Every structure is written in C-alpha cells, then in structure tokens.
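Before anything else, here is the set of structures, which you'll find just below.
What follows is a pair of complexes built around chain A, which joins chain B in one and chain C in the other.
Then we have the complex of A and B:
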C-alpha cells in the first residue's frame, strides 16, 4: 500500500534505499540518489605504447619460432641439411641453453636435481630414437596434402593457445598441438634419423626455448627484447633464404603485430566505458588455499 | 548509452502516470486476465518458482484470472490444475540448458498464441531474464497487441562478453515492455542500466516470505552448543569458498560451535575436504539437497543464520532465517543491505576475516544472553514482506499497464531501431516483421474466433469451487452493501 494516501505534494520524509520500511512513495519512484553508487572505469589499467610494444615481442618471437622450425624442416626435406650436423648443433644449443638457465636461476631453490634432468632427457631421446622408424611410417597411408593441412592447423592452434598472458612454460594444449604438427611434418622426411632430428628440434624450439625465455624475462629483463628481436630476425632471414616473398609477408605481419596493434590498443583505450556498482559479483581477494593445503 | 547518462542527472519528479494517483474506485473493480510465463515453475524449485506460485495465488484471491505457461517437465505436459483453480500449461517446448528453452523467436508463437487466445488474456507477465520462454512471450504478446509486464529476479555484471550479449538481448526484449518489476532498488538500477530503460517504468516490489511457514521453535535448539545454519545451493556465486575458510577459522577458536549446511552443488567437495582435513565430522553436518518443506525444520535448530553470497538481488534466505528467529549474518552485496533492518542482520564484507569478525560478535552476544528472543525477531519480520502486499502492488502495475496503448507495428519497428542500436535494432525489426507475418498466417490458418474459449478456473467467471467465487465476489465492492 505504498503511498496510497500520499498527496500530490512532496512527502516530508526523505526517501531511503530500504525495502523493509513502507515509505510514502510510489513503487516506481525515482529519487535523485538513483544510481549514485555507479562507478566508471575503476580498475582500468592505462597502457603506455612502448610498454605494450615490448610485451608484443613475446608473440612476435613465437610466430618467428614457427617460421624457424618450418625453415629447418624445409631444408631437411630437400636434403640440403645433414641430420647429424643438425643434431650436433641442437646438442650444442641445448647445453648452452641449459647452462644459461642454470646461471639465471642462480639464487632460487631447485625443485629437481641435475640427475633427474639428465634422466628425463635420456628417456625422451631413447624413446624418440627407438620409435622414429614407427613415426616415419605413421602417416604413410595419409595423403601428403592432408598431412600439410593438419600440421598447418596444429601450428596455428599452438600459436593461438600459447599462454602469452600468464608467462609460464608452454601450456599442455599449445605444446601438444605443436608436437603433433611436428610429428606430421617429420613423417614426410626421407629417413628415420631425419625424423628423430626433427622431433628433437621441435622439443628444443617449442618446449625448452619458452622455458628459457620465461626465465630470461624474470631474471634479466634487459635481455628479453634482444632475444625476441634475434629470433624474429632468424625467422625472417631463414624464410628469406627459401622464399623471399614469404619473408616480406612475415616481416609485414611482425611489424603489424608489434607496432600497429599496440597503437590501436592505446588509441582505443579512451573509449573504454566500464560500469561498476553494488550489483557486481563480489570478488574473493583472500588466498583461501591455505585452508585446504 | 544515452539513458545511462540521463540516469545520473535524474531529478526527482512526480511521474505523469504515477502508480497510485490515478487509482479510482471503478479501477479497483477491473479484473485482469493474466498469463504468467516463465521456464521456471513447479516441479522445479527455487525463488522464481515460488514467487510465481504465491503471487498467482494472491491475485486469484483478489479475483483476477491467472494462468501460468511453462515448458513441459518430463511426463508433466498438457494442462494441470493447482490449488484454487490455478491453471498451468506445460507446453511441449525443447529444453536447452539449465531448464531454459531455446529461443528462435518463432517456434513458440503457435502454442503461446493458442494459450493467449483461449484464455482471453489481457496482460502477459513474464518472469526471470534467464528464461528464454519469457522473452519469447514478451515478443509474441507485443505482436498480438497485448500489454506486458516483466519481473527481473537477478543481477548481472557488465564486464565480460557473455553479459554484454545477454544485456543486448534484454534491451531488445524490454524495449517495448510496458512495465518492469524489480525485487530491490539495486536490482532496479541494474536493470535500468542493462536494458537502457526509463526508470519511471520500473517498479520495485520486493519478494515475500510466507511467515506462517517459518515460525521459530526454540525447543528444537541444542543450547549446550552454538549452531550456525547455512542453507543455499553449494555453488561459487553463493560464496561457498568463503564458507570453507570460515569453518576451520571459527571451529578452532570455539569448541562448542557447529555448522549445519543444507543444499547441494559442485562446491560440496570443497566443504568435504575442509571437514576431512580439520577432522570436523561431528561438528560440520552436510545435509544435502533439502525439500522446501524441510527448510524450516533445519532452520529452527540453529542460533545463527549465515549467508555468504557474492551477489544477490533480494535474498529470501535471510528473511526465512530471521523469520525462524535466527540471528542473521550476511555479506553486504547486491540488494541485501535493503532487506533487513540493522537490528536484525549483521552485515560484513565478502571476506573470511570480516565474516568471522561478524560471527564472533554475534556469538559473544549469544553467550552473554544479550540477544532478542526468537519470538521477538519473528514478530518483527512477520509483517515486513507478505505476498498479499506484493499482490496489491503488482495489481497497481497491472492497472497502469492496461490503460496504456499497444504500439502498432510501424511504431514498434521505429522504437526497436532507435532504442537498440543500428545493428541489433535492424535485425530484430526484421524478426518482428517475420513474426508478424507468421501471426497473420496462423490467423488465416486458424482464425481467432474458431479457437475455443477455455473454461475459467479462476477469476470472476470461474466455474470451479463455489467458495473461491464467493470470496472473490465479496471482496471487490464492500462499500456497496
């Protein structure tokens, strides 16, 4: 019966935002305090152009990694590269990277012993070596076009699902997609040793390199942009030696990615209009895991 | 957008069509034929379901004719009658997700038209923004030239993609709805922003609780210990993660404290883990899903009612708890601060620390005996929210709505385009035209006058139960005798 007996004049009591009291106002009354708790853009982060450009380096170098890998594959498929040579280079890179990883890790506590690392490496290499003849003939009954299409899709999936936002070692989806793509490609190479080499390379590029890069970003921040630029140059250069037009396209894509997209993001920032109020779902800010673990 | 900004500078003014100023004697005699539409109805149980049922019962008591349309639940399809001749149409529509039907804007038109014509409906009242059938009904009712009312029962954010999309759909759906009912002032602000509405056409009518169902019974309490009762679905939005932090924190400090938790859901596992880890099997009882009739029996065993929701439009649970004489501790989110006066509820921030502090003050007060008795609390709550009051206020909304003209198709298209943006507006204008043509086709296939008029089981011409019609014929005009 709200306000059934109120006159046309303004009621004497002020309106309150409560439901438990019968107030002399109609149900559709709109007070001047309506929406007074509305807040706009309270948690917006203001991006600065060069900071964003720096962050996009991660995406650009990941795209280039795929380009480097494809270049390697292409050379091996044409027989221009000896697998043994590639294997030695891979071994050198792996040792160098491992050393760098250890030096950068320096202060932090190791969760695994060196022996455990060596064990996993041995197991992986032994199994891949043992199974490489099987992998070599795995897709023989599938047409080459299908294999190429499949690996293209898988490498794209790797790029899309790579965890750029929370810097971490590659997520399981992106790593699996990349390795599946590599197996597809490796099975089209001339020999079993080629297949083994290709898979070792894939592991180096898609699994171990992101770990090293992550640690570089953590411990020696200055080195990250240089590493990213180096990988991008390697990707463009490698592709250029095979297919110059492709290299041009790749470098255009990388430039768009690193320079144009951040510009758009920064320019579109000021159109942001995010509204918050008491209707928002509350966030649990405490760390509740301590009660369970 | 425009409306959002307007909302800020809105000056208080007397609306030209205020809900109460125009009510005259002759208007109180007007009896409406109302169709409630929602995907959510009995045998499903929840806030929306009981709201529809209780509101319909009170409207029938006031002499209106009410029918309910919902989708078929398993074997339950066709027409069923509930208490006092409340007729329910269980329409055979396909359920998609979470008991909500799919919406195509077309496929439900033949069935809903049939219901509206058979029952000679004058007002279509749709419930819940999660119900696709409710939105369909609003759209079809407008196509058929009926007045519409919509009740929103939930809050929505604005930040993520899914809410952006649902809010756009709500804008389209509510763009020519005559009146909207929200359950709290916070919910009104939320709905006005989401659907860019004029706040004048949004009324706030809270939910209600049947106080006779929730009476205190202190003899059922075990006064050698202090019992905290939690009754809610065990899902993230109800803040069960907070509860999993509160339980070990408080049980460690107070050896005579125990928890009674009713409800089921995916977060049950979290509570079980906590109970396992801290060895609290004798002090934390998980009762599983409760029937509505058992809720009161659980509530009366407790001293304190705890609600940890992260978002809530109204929160009937705390009213039920207080009605059973419990001290309520709740998070300060959504519309909850509006629901109970300060002496009946302790409001806390949604964090483990704040909720523990709030609970400890209440526990300390109980230990010293410095608390109101359950009977006193019940007496205060009993009159706050009643379904009769809800029905009276809803009736005013109906009286206002039935005076409003229904926009012809051309105006409706114009309104869609000017109100919902160029892209969505054009798309839904197109859909509106197609629906209109579909309706013409249906009317040609089976003209309105060939559809049988249903026998009324409620309202002024009810053929059911003498006592009902006697009651209804008496109430409207006591002044005459």
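Then we have the complex of A and C:
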C-alpha cells in the first residue's frame, strides 16, 4: 500500500497527514515516511532472575498452604490429631498473627476498629460452631469419591483464581472455592468438633494468612522470602510424613515453579517484540496537573 | 343500470291493484311490500300510507300497478297507466301477468312520460346492460323475522354504509305494522301481503307477555332485597370476602345474581343482541334448574345419600392412608435417590403429623356427614351448576391437607431457589443491583463471604430433598386442580352456552341469517329474469361465537410456559392471589 501510487502520475502537491483538508489522494494513502515512526519494545520491563524468583515465592507458598491444609485434614481423619489440640494451636497462631499484623501496620491508619475485629471473630466462631453438626451430615448421602472430587476441583479453582497481584483482601471466588472444598472435606471427619476445627483451620490458612503475608511483604520486605520458604518446607515436610512420594512430587513442582519458570521467563524475554507506531490508539500525554490546581 | 325489484312471493297471485313499497335510497332497487286491491279511493290510500309511515319509520310509497288478468276484466291497462298521474312518482312500475306464463313483464314509466320498457321484450339482439330488470322473489315472513349477521343495530350510526341487502332486510322488518291489517279486517282498503296466523292463536303467549311485567318487577324487588343483604358491612370484611372469592359456590351465586338482574329487568329488550342475551340466559337457567331437579330426584331415591356418605369417609381415609405410604416411601430412599436423611426425616414427620391431624378431623366429622350431604344435596334444586360448584368446594375442603402440603413444599422450595440464586452471586463475588436491574461486582467482607458460603453449601446440598417433596406434592395438587378445573369448565359451559340461539338455529334457521343465495326461477325470452332469494342460515360456530354469554374471569390466564416457569421457581399456582406489581 505504501508508496503504491508514487508513480509517474502522482500529483505534485505534497501529502499531509491531516483530515481537515481535501487532498488529491485516496483515504488510505500514506507516504514513505510511514515506518519512520515505528518503535519497538518501548515499555518492556527487563526482569532480573532473582527478583522473579522472589515473586514466585507467593505462588509456591499458596500451593504449599493447600498441602499443609490437606495434611492437617488427613491427620485428623485418621484420628492422629486431637481436635482440641489443633484448636488451641489455631487460637495461638491466630493471636500471634493478629499481634504481628498490628505491629507491622502500626503506623498506618486503621480501617477497622478492634471491636469490629472482635465482632467478626465472634460471628465466625458462632456460625461455624452452630452449623458444624449440620455441615457434618450435609454430604452424608453423597458418595465419598464425589466429595473428594468436588473438594479437589474446588481447591484447584482456589489456586487458579487466587489474586496473586493483590492478595489482600482475598478474592471472593478463590476464598469461596477454598471454603467450599474445606466444608466438603470437613464433612467426612468423624465428629462435629472435628468439622469445627477444620473450618477454623481453613479460615486461618485461606483467609487470614494471605492478609498477614501481604502486610509482611509491604512493611518488612526481608521477612517475606523466609516466610514463604518456611511454608513451603512445612508443606513438603507435612506431606512427606504421610506420603513420601507425594512430597517428592510437590518439592519438584515447587522447584519448577520457583526456579525453572522464572528462568524460562527471563530467557524468553529476548524474543519479545512489541511494535508501537502511529496506528496505536491516541494517548493523552499532556501534563494535566496545571488544570487540576 | 339494473333495476332490482324485490317482490314478495305471497303477492304472486294477488288480484290487480297498486304496488306499495319503498325505494331503497342510493340503490336502484325497490322493495314491494303489499298490493292494494280495487276498489280504493286514492285519498284513503294516501292517508293510510302516511299513517303507516309514521308508525314504521319507513318511507312508503306507491310504486306502481299490478295487473292480474282474469276473465271479464279486460281493458284495465289503460286505467292502470292513468293511475300514475294520481300518484306522481319519479318511476312508475307496471307489472302484469299473463295467463299461461310463469314470469311477468314489467314496464317502467319515467315521470317525463317516456316509456322505459324492458328491452328484452322487444329486441333480444341488442339487449344492453343498462335497462335490465331483475325480479327477486322473497319470502316476506322469513325476511321480516330474520336478523342479518354480523348484527348492526339500526339505532347506532356506524361509519360503514349499510349494504343494499341489509337495507332490504331492514325495510321489511320495520314495516311490520303494515302486516297487521288482516284480510278479514273490514276496512276501506284490501291488501295482500304476508298474513300472520292471527293473534287469537297465541292467547297464552299474549297473557304471558302481559303477566311478565309484574312478575319481573316482583323478582327485581326480591333481587334488590338480596343485594341489600349482600351489602352488609360484615360481609365485606377481609376474611369473609377472601373466603367467598375462593369458594366457587359464592362465585356462582354472584354470577347468577348478575344473570337475574339482566333477565328480570322490567325494560323491554331494545336491540336484537339484548333480546338474545336475555333469552339465552333464561333458557340456560331453565335447563340448569331442570338438570338440577333431575339430579335431586335421582339422589334422594333408594337411600343414595346415606350410601354416598358411607363411602365418603372410607375414601377420605383411603386417600390419607395412601398419602401416608407415599410419605413413608419418601422418607426412605425414594427411587434410589440420595437425600439428606436428617431433613428428610424432619419433613416426613411434619407431614405425617398433618395427616394424623387430618384423619382425626375426618373421624370427628363422620357422624354428621350424612346430614350435611342431605342438606347440601338440596342445593341442586337451585340448578346443576350450584350442585357442581358445591361439589368443587367439597373437593377443595376434603383435599385441604394436600393444598397445605403443596403450600409448605412450594414455600420451602421457593425460599431455597431464591436463596441459592442470590448466594451463587455472592459465591462469584457479584451482587444484584436493584437500582440498575443488573448484576454488579462487589467486594464483600470476610465474614459475609464466610457465612454466605456456608449457607450456600447448606442450601445446595439440601435442595434435592426439598425439590423432591415439592415435586410430589405439586403433582398431587395438580391432580386436584385438574379435577376442579373440569368441574369449573362444565359449570362455565352451562352458564355460557347460548342454548336459545342454538335452538333457534335448529328449529328456525332463517331467523339468524348470514347472507342470501339466489336461485333462478325462470328465464324466458320476453320476460325479465326472475330470481328466488333464499336465506343462508348462520353457521353453528358463528352462533356460538356471537351469542356466548360472557363469563367471569376466575381462571388463571397464564400460558403454559408461564405456568411451568412458576412451577419451576416454586411460586404458588391457583388458587392464590398473585401480586401483580412487583416493587423493587
């Protein structure tokens, strides 16, 4: 198209790139200066390998969270763990995490009062405790395989839809899917207290832990990798105590996620080829601040 | 122009005389209504015509002369021609019959003296279209009595110009006073036209007509008494009004009251439709009463009432027992479905307790059932429709437990469906924006999400159990509604069937005309074309459509799709007052 009609019959008038003048050119005419404005990769960020590895820690620790949760459930189903003990540990963890959260966010303005937090906690506990007998019998007539399949699908959906860019507050779909899966699993436990314990754990792991982790990443950046590694180790270790081959698979998966995938990303960065030019949509570049004042 | 002359059959063999009739305005046609015989005094004829005209509102004129040749009466033709000077007209028809010929000839004299003859008589070859004369013979009595459909009342001025045929029918029907003058009457004029059988033949009918007015006034007074009773304030309080609107007996009695008000109004029915409506309602009422009396005579013979009462209680017991078995089946694992056992037990016990209540209620009632039935059966004297309505109400009362089950099931199911649909939006992090009537995304709090998910799961896993109970009870309810619907339809049929119109159509087909057909009588050279006009009776379907009494609209107007949607969502179907306006 470009320069197609720059033959001998071309008019002597130079072409101008304006629409408000009638010119002796067809509407789709451009001259040979067209490609001069082509720009490549102007807004590409060059990732560095270790920075990417650091960021993938979030994904790895989320996968490990699911592994930790499943380990806990498995122990409770076999009856190796007393639900009261788990409850106490959960309470301790919750209090510890809440203290940490408060300390880390000390300077910034609080969005919620302590009373509101207490209210929320009461609602959680009351509803979960009240509903746990109902939840226990809810899936009684559904076959165990179906329940396992449902919880697997739901936990996978949790991992897929988790808002990794902005983990706090947790996304609706991911949290709901995780809760759905955990209720399914909890209904297979032997008693109502087990169910209650399991749901409290689910709340801790899937709802509160991402909030704390987010704050840690914001306020104390050094602590984030350690926390992620710790969770990963806990997940692998927990799974290993139950099913060593599974632990091996999980650790392989985690290594792939944290080391191999970033490597691939960084290597493939060279092939990136974005072109920009006058055909892009218009962008307002002018500094508007002087109008705002 | 073709000149059409509508000629009554009864005047074919009349003695010579003057033709009396009416020129149809706007059309080149004349309707002959009667023949005045000799001897007459022209002044008396004119006076008589004026008198008739004021009675019948039809512009009667002398159309021309009629000559019937007889032995010894020759030389009348010239006299007949001279008559046109006595009765000045624009056109003067001279009809004459000849002995031995079936058709008769016609001469038209314009008032300027020009003889405008039927050309056929003179030269057959160049018979032009302009001056043809067609004789249309009609049966005067039938045309007078028949009503052309679609009905267009004379009084109402419609935009559409009435057709020629309609004008002919109207003219003949309106000139009824003309036909009252009997041939036995001693008067100055002798006329030939259709003769009624005479009033003496219908003394009873006349007496009834005379008696009907005071009877109607008395009955209207009784009706007003009934209305006064109905207008008591206590009958308009909410529960009474609600219950009476649900009982088909009350609905039927109200409907009957409206019917009576129409029939017994002392005013004479002004239009054809009014008359037909009154007659239809009256005949339906009589048939209804007759059928009801038949039922009563059957019911109160051979101790049938007590037999019926003896079977009724076991039947109700049996139904309750069957329901109990159904519930026990549902409480197990019905059709291999996996239900939530706890909820299943709760619901099953709840419904079983209801049935238990119901059975004890029936047994409490059983000593009185025979007496109740005896009194209720008397209501059939008021008509079969009342008996059917009471049967429908009894069925409704006896299956009240099924209705209760249905309502509980539907409410529960509806609650679950609505809860699930709103919690499913919460599950996806959306919400329903009532201001914009759409689904918006929304960020919920942690506790909202947590409790919402718990409730969602509970509702989801309990849904099949509720849905099964709802399905079973809805099917039961539908069976009852179907039965009641059949009864209501038959009551409605008796109420609205135009029995009088159908009878009229069968016995007197010409009374309800849809149009006419023409048959060629004779077409001899030298005489004009003679046609016979016969009346096409109205089709039965049109009779039904036209004269069906409008009925009360107590039926649900849902289409099938809307009904199934309602059933799916769990909204209550008939009988329930629907909220028409939904305020969001």
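Here, the second predicted complex is superposed on the first by the 252 of 293 C-alpha atoms of A that agree within 3 Å, B and C clash if a C-alpha of one lies under 4 Å from a C-alpha of the other, contacts with A are read in each partner's own complex, and residues count from 1 in each chain.
Simple rule for what comes next: a contact is a pair of C-beta atoms (placed from the backbone, for glycine too) under 8 Å apart; a residue touches a chain by one contact, two chains touch by 3 or more.
Worth saying up front: this structure is predicted, and the values here are computed from it rather than measured.
**Student:** Could you say whether A:160 touches chain B, chain C, both of them, or neither, answering first, second, both or neither?
**Tutor:** A:160 contacts neither chain B nor chain C.
**Student:** Where does A:123 make contact in the superposed view: on chain B (first), on chain C (second), on both, or on neither?
**Tutor:** A:123 sits against chain C, while chain B stays out of touch.
**Student:** Quick one: classify A:142 as touching chain B (first), chain C (second), both or neither.
**Tutor:** In the superposition, A:142 touches chain C alone.
**Student:** Could you look at A:95 and tell me whether it touches chain B, chain C, both or neither (first, second, both, neither)?
**Tutor:** Neither partner.
**Student:** On the A-aligned overlay, A:249 touches which partner chain: chain B = first, chain C = second, or both, or neither?
**Tutor:** In the superposed model, A:249 contacts neither chain B nor chain C.
**Student:** On the A-aligned overlay, A:172 touches which partner chain: chain B = first, chain C = second, or both, or neither?
**Tutor:** After superposing on A, A:172 lies in contact with chain C but is clear of chain B.
**Student:** Determine, under the contact definition given at the top, whether A:131 touches first (chain B), second (chain C), both, or neither.
**Tutor:** Only chain C; A:131 stays clear of chain B.
**Student:** Write out the stretch or stretches of chain A touching chain C in their complex.
**Tutor:** Counting only chain A, the residues touching chain C are 120, 123-124, 127-128, 131, 134-135, 137-142, 169-173, 175-176, 179-180, 183, 203, 207.
**Student:** Could you please specify the touching residues of chain C with respect to chain A in the complex?
**Tutor:** Interface residues on chain C, with respect to chain A: 338-342, 426-429, 443-447, 449-454, 456-458, 461-462.
**Student:** Under the definition above, what is the set of chain B residues touching chain A in their complex?
**Tutor:** For chain B paired with chain A, touching residues are 4, 7-8, 10-15, 18-21, 23, 155-159, 179, 184-187, 189-190, 192-193, 199-206, 237, 239, 241-242, 244-245, 248-249, 270, 273-274, 277, 310-311, 314, 331, 333-335, 337-341, 350-353, 384-385, 389, 392-393, 396-397.
**Student:** Sort out for me which residues of chain A touch chain B in the complex.
**Tutor:** Where chain A meets chain B, its residues are 1-4, 6, 8, 15, 17-21, 26-32, 34-35, 37-38, 274-286, 288, 291-292.
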